[in-house]
Structures are given as C-alpha cells and as structure tokens.
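Notes for the one structure printed next.
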Amino acid sequence: MIDSVHSYAFGLGTKNSEGEIIEVYYPKPQIHPSKTEIQRLMEISNLEDTGFIELSDKHIARVRSSIEEGMFSDHTEIFERISQKATIVLMVQIADSSPKSIPEAFLKLHLLSHRLAKPNSINLDGLFGILKNLAWTNQGPIDLMDLPLRQLEARTNGNLLSIQSVDKFPQMANYIVPSGVRIADTSRVRLGAYIGSGTTIMHEGFVNFNAGTLGPAMIEGRISAGVIVSKGSDLGGSSSTMGTLSGGGTELVSVGENCLIGANAGIGFPLADGCTVEAGLYVTAGTKINMLNENGDLVQIAKAKDIRFIKNLTRLK
Amino acid sequence: MIDSVHSYAFGLGTKNSEGEIIEVYYPKPQIHPSKTEIQRLMEISNLEDTGFIELSDKHIARVRSSIEEGMFSDHTEIFERISQKATIVLMVQIADSSPKSIPEAFLKLHLLSHRLAKPNSINLDGLFGILKNLAWTNQGPIDLMDLPLRQLEARTNGNLLSIQSVDKFPQMANYIVPSGVRIADTSRVRLGAYIGSGTTIMHEGFVNFNAGTLGPAMIEGRISAGVIVSKGSDLGGSSSTMGTLSGGGTELVSVGENCLIGANAGIGFPLADGCTVEAGLYVTAGTKINMLNENGDLVQIAKAKDIRFIKNLTRLK
Amino acid sequence: MIDSVHSYAFGLGTKNSEGEIIEVYYPKPQIHPSKTEIQRLMEISNLEDTGFIELSDKHIARVRSSIEEGMFSDHTEIFERISQKATIVLMVQIADSSPKSIPEAFLKLHLLSHRLAKPNSINLDGLFGILKNLAWTNQGPIDLMDLPLRQLEARTNGNLLSIQSVDKFPQMANYIVPSGVRIADTSRVRLGAYIGSGTTIMHEGFVNFNAGTLGPAMIEGRISAGVIVSKGSDLGGSSSTMGTLSGGGTELVSVGENCLIGANAGIGFPLADGCTVEAGLYVTAGTKINMLNENGDLVQIAKAKDIRFIKNLTRLK
C-alpha cells in the first residue's frame, strides 16, 4: 500500500486526430493528498504507479459516488458539468519523478501556476521533450499535423481559425489566473509560471515556466526560466534576466527583495536584496562594476558575480 | 438649470454575476454638448448632478422620440440596433471632476481615445482605484470572481474561453480605432491612449492611458502614462520613456517634434524639438551628457534635465 | 504562347462592403509551374498577362475536371471544400514584376512564408502602397470603413468583435505555419516572413515581411524588413537589427552563421559568421569598436561598418 502520493488531479483533455492526448486542463490540481483519497483513487483507477487513465462512464460514476461521500470535494464542479464531448483524465503522481507523459507534464506546470510548488522545487527533467509543439487557437489546441486542414475548413466555411501561438507551452491565463495579479498581455506568461499575489505583469513583462515572483512585484521586463524574483522588486521595461536555457551560464539568476532593475537594463548574476541597477545598464557575471553606497561613494570595484551577497548597493553603474 | 455640461454618452455596458456594471462601451462620446441636448438629457434621466442611469424601455422610447426630433443624431445607429440582451447606459458629466463610478471612468478614457481631450487635460484623479481588474476574453470582459466557473463551463462544452488580458484597462482598438492610424499589435495600446492621425504603432510599440502622440509618428518604443510625443517623431524599437507611475520622477517626460530616439535607447527628461538620442543610450534626468551640434562639435557637458529647452541637438551620447 | 510563368495560386478572398477584394488566403501557392499547367490556367481564366480572376461556377467546374485529369493536385482539398460563401480567386504571375493588385501582393507574401522565395529575392516594389490598412479580427479581416458598424452590431448582439491588429500585413501563422518552427507569440511574425526550419521565435522575437532566418535559430530579438539571419545564430531578448525602412541606412543588415547577439544589444551593419555582440551593446555602422580574438587580445580598433567581412570576433565591446 502506498503511504504518500505527491499529487493528483482530474482534468479535461484534448486529443489529436490520431486519438492521442496532446493537452490537459486541470481546474483543481491537488498536492500531498490524504491517505484516504489516495486509496480511493487507486481503487478507482487500478493505477499502481505514477500514471494516468481516461475516465470511462463507470469510472465517472465511481468518482461521483465518492463525491457524494464527501471526497474529492474540490472536483465537485467539474463532475457536475462533464459532457459527452469531453475527455476526462485522472493523473496521479506517486512521487515527484521526471514527467513521462503529457498529462503528467501538464500537471507539473499546473502545480507551479497554482502556487502549489515553487520554481526549481519540483522535478521537471525531460519535460521539454515530453511536450508537443502545438498550435494554440481560438478553437483550442491543435496538433500541427491537423492544422492545415483545420485552417482550410475554417476558411471555406467563412470562419477564421486564429492561431495565438505555436509552442510547447500554452499561456497560463487560459488555465489559471491566480488571485491578486494583473497580467496586461497574457500571451507573455507561460503555463508553469509562478506569479505571486500582488504582482503586476505589464505589457512588456514576460515570465517563462518554472520562474516567477514570490510576492508583490512590478514586472515590465523578462523573467527567464529558472529565475525567481523576491517580493517588493521592480523590473523596468525591457529589462532582462539571463536564463540558463540560452545565453546565460549554469548558475541560476535571481533577484532579491526590494530591488530595482531599470528599464532596458539586465543582469547575468544573482542580485542581493535592496540593489538598484541603472536604466540601460547590462551587468553580466563578468562585468567589472563600481559599487556605490547610499552617499554615492565608491565602495569597491569588482566582478558582478563576486558581489552576489552584498545587499543594498544603491546603484550599479 | 445647468449652463454647461462637460460631456455625455450613451453606451453598452457589461455586468458581473452580481448585477454590477463592470465596463461600458460608448460608440459616440460627446464633449461640450449644446444646452438643448443637456436639458433633454436631464429631463429623460432625472439626473441633477454628474452620474449615470441604466435605460429602461421608457427611457429608450424617450430617447428614440428625441432622435426623431433630430437630437442625439450621433446615437441613431445605436438605438436602431439595441436588443434585449444589452444593458444601455447613459453617463452625464456635469463637470470635469474626478471619476466616481465605472461608467464615468470609461467615459474619461473614451474621450481621450476619441481625441476629444488631450492627455493630461482632464481630471483622472482616482481613476485607477475606480476601475475593476477584469479578465478581457473572447466572450467579453468577465469579473475575476466569475472567471473560474466560466472557464470550466467553456471547457466542459468543448469550447475555449480565451483570455487576452487581466487588467483594469482594456485594449483601445476594441472600443475605437481612430482615423489614420496603424496599430500592429492592439494588445499594446490601452483604452485612454491618444493616438494622433498618421501614427503607426509597430509591434514593439506601447502606449499607456493618458499618453500618446499628437500627430504623425512612428512608435516602436514605449510611451508611458502621462508622456506626450509631438508630431514627426520616431521612437525606435524597445526605446523607453520614463513615466511618473513607476521608476520615473515627478516631472512629466515628453518628446518634442521631429525627434529620434534610437532603438533600445531611453529618456528620463523632457526632450526638446529636433533632438536625436543614439541607439542603445539611456539618458536619465541625472545623466551627464556631451551635446554635439550638427558638425559633431562638443557644445556643452550638462545634466540631461538641464537641457530640456535646447532644440536640435543632433546627437546625445 | 507563354514559355514560363513565375507563380500562381488558387485562394479564398475576403471582400469589403463595396465588393472589393481586400485580402486573399492561398493554401498552396505554386512557383515555377509546368507548361501544361500554365496553358490550362490560361484557357480557364482567359488571362493573357499577370492578373487575377474571381472564379465563377463555370470556372470552378473546369478546375474540378482538370483536377480529375490529375492537374493542380495540390489544390484538391480546396476544391473539395468550397462553399457558396467563399470568394475563390485565381492569381497568375507571368513574371516577377512589381505587385499591381491585392491578390498579387498577397501571393508575393505567401511565396516568402511558404519558403518558395528567399527574402530580397523577389520584386516587392510598391507592395506597401498596394495593401490596404485593415482590422484583423476574430471575424476575419475587416475594411476600416466597415469597422465601426461591425463593432456596434457585435456589441448590441451581446458579442465582442475582437481586433488583434490594425495593419497592412496580417500575422503569418493564420496563413501558414511552416514545418519545424515554434512561434511563441504569432502576432509578432508578419505574413511575408521567411522562417527557416528549426527556428524558434520566442515571445520577444519579431520578424517583419521580406526578412527571416535561413535555418535553425533562436530568435528573441527583432528582425527588421530586409534582414536575413543565417543558420545557427541566436538573437537575444530585445536585441535589434536596424532595417532600411526606418532608422537604418541604405545598406541591408544581416547576421552570419553561428552568431550571438546578446540581450538588449543591437547592430546596424552586416555581421560576419561566428561573431558575438555583448549583451546591452548597440553597435551602429559608425561605432568605433575594440575587436578581441578568442584569447581576449585586442586585434584592432575600427568602425563597425569596416569589419563586416571579419569572422569569428568572439566579442564586440
């Protein structure tokens, strides 16, 4: 018998023309569920390890009786509304291992955006390879192999198949808008972003998956994969944080509390609390910088990567 | 009796699940209407001060008879098309006071985008607090409290509720496309922007509310709240103007006529007519700069904020 | 008799309220067709020079018989799906001359995005003047003269007419998603872009018409009109390439193979293979630069425009 399960969720999946699940929407993902819930999930699904099943009518009936018994109460609304059209998926993760399927990869991304797991805290190894490159359209996600015919059909019917994105990751807001946030242009925040309460992402802001803000923040710049911005910080328009996926090195960049990275500025090293980087200045890990204190006096000349623990540098220039 | 009214408009409103108006679309806002129109509006609405009413069938009948008499002629098309589904709103502003309601805040924003009032010329005090943070979707604006259920319903019906923005301000183009403009990516121009005829906003351009261009301009950079760009100027890709809302100081930034701010450049002070800022250069108010004349000779070294009245600096570097 | 025809295509057109064709979608544009096909096209259309016709039922019947004979096989799917609603257009280009009509301008743009013609290889003179500035909406392209009424009708019916763009060029992905690409935000790639297989355009990437990448590339910056990026190169976030349409000079900018232009950097001159431009550095044609070799030794100080043939400069700064 299983003592602990990392996470599970019921979701609504999309299939391509070959019947493969290419995407899943989990309205209410659950982390660290109770033993009773786990046992019931195992009974219903016959899963013995991390995996997913598509729910048949029989499965659905058993979930509904469980809901009547008071279990899976977060999923009440889903099971009230299920229609014949929908593919219902149950995904169970026994442990936080590397994702092996599309339903599992999507659950990982949901856990991050629902603030159930912080960036860099769960196993995403191989996630990129698992996800399919899809067209995200006004008719939902479409497999690229099905796209040309779907476009042609829409046009010959006098409609438009409008494509917002061709990407492995959807935009977050079509899955979850976390409480207390504003996102001026939702196309710039990927599912898997972690957006802290009190954060505003302006039109020029961007947040990749497995990255984000931990509290209130004003984001008008780019938060690359793996980068975490702590509360009270401000990323100016078009400012840049180097990621580890492209351009940056192997060390994760981060921004401490109450920092200001000016417009068109950028950093390639972890910035300690209370620091300000002047507008237009790009500080890579190897940049030699003059560090000034509150009075504008020169404190030290150093490489950027060597000052990561020094707080309250009022101006890097 | 009222001698003058600042503005009025009939509009189509959206309500949330609690019956509150969360947004209004005014196809033909009117500024400085005639005394006859005002008197009739007051009679119809029973308003005695700045305010709004929802039109009942009786109200609508009275407006229609007024239209037959030749009044409110700009609103003929609206009243020809009104259906049962729509919430019709009349907003009257006796004076240009600070907005007190959502219908009033939306009228203020419409006046700016319809070019009936220039940026910084009308009272917007408290507007930000009045507006609700909404999800702007392919099904129209949705209150965030109603969003999760609407998303779930769409998915269980095999549809997609697509969210373009989670913001207090909608994009301008869904309300008004002023004459003589191109806007390559409408998600980057907020309602309340003032876009002069002959302006092109390219994909990287951005214009906030209460900001804009007064005539022909090529905008590939960011025009922050309160910033005005005069005719004949060019903001290069990703160029930045500091606003007073975040990062900038208290003084409004502006760009004179026939200026060029290069790609990835920026300014934090008012730029006089005919100046060029080199690509990649960020000039904050305190930056020490070399000023060159047409021949490339050094004219002066000064702080940027002290040169705001000097025209035709051919290159700041 | 005609010996050679440059290109042709059958397409689905959109008309404005005055019956003018304002846009055409060509699912399968053809370049350098066979003599047999040409002769048949001329017989069907009665065209004697470059031009287009709208297909009547008689025309459609003749195309269908040709398809049964084994001709125009790429267009089989279109003619299987044609409905009464659609305006079917045949465009034939005898030679690669400057575009004279909207159907011709759209065919030119399709040839580029279908990778049938490389940027700067076909005649686009006057194309900008031929295209109409349109509203690109969730209901398809709409002439600006028809827009206010369409917006009003949508709202009075309880719907939303959502406008993605007001521009002469549509976004590419609603016409063609070439194989092997990812485009995170499709609003930033115009029809007429040439996107090489293996290219990823991230959210901050942008590609104008008559511009693009020749092979695998990671594009997080802006590729201006006329600019070509060779295989294996990486344009960092918000990086800029100067175009000839605005800001840049008369000489085309290009990026060689295996280059890296850092985040927030930019170039205003052709960059040879294997060069790296440091994050945050804007190098215009006249910038004096220090050229370092692999060991970091200073090789030379020169103006940027004079180093266009020097490969493998590991760091421009």
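Residue numbering begins at 1 within each chain, and the chains themselves are lettered A, B and C in the order written.
One rule holds in what follows: contacts are C-beta pairs under 8 Å (C-beta built on N, C-alpha and C of every residue); 3 or more make two chains touch, one makes a residue touch a chain.
Since the model is a prediction, treat every value here as computed from it, not as a measurement.
Rounded to the nearest 5, the angle that brings the Cα atoms of chain A onto chain C is 120°. The two sequence copies chain A and chain B touch through a face in which the numbers common to both fall below half of the numbers used overall. Each chain gets one centre point, the mean of its Cα atoms, and the points for chain A and chain B are 31 Å apart. Touching of two or more other chains is recorded for residues 138, 164, 187, 238, 264, 280-281 of chain C. Interface of chain A with chain B (complex): residues 12, 25, 27, 77-78, 81-83, 85-86, 138-140, 164, 171, 173-174, 177, 181-187, 203-204, 218, 220, 234, 236-238, 260, 262-264, 278-281.
On the chain B side of its complex with chain A, the touching residues are 133, 135, 138, 144, 147-149, 151-153, 155-168, 187-188, 206, 222, 238, 240, 242, 246-247, 264-266, 268, 280-282, 284.
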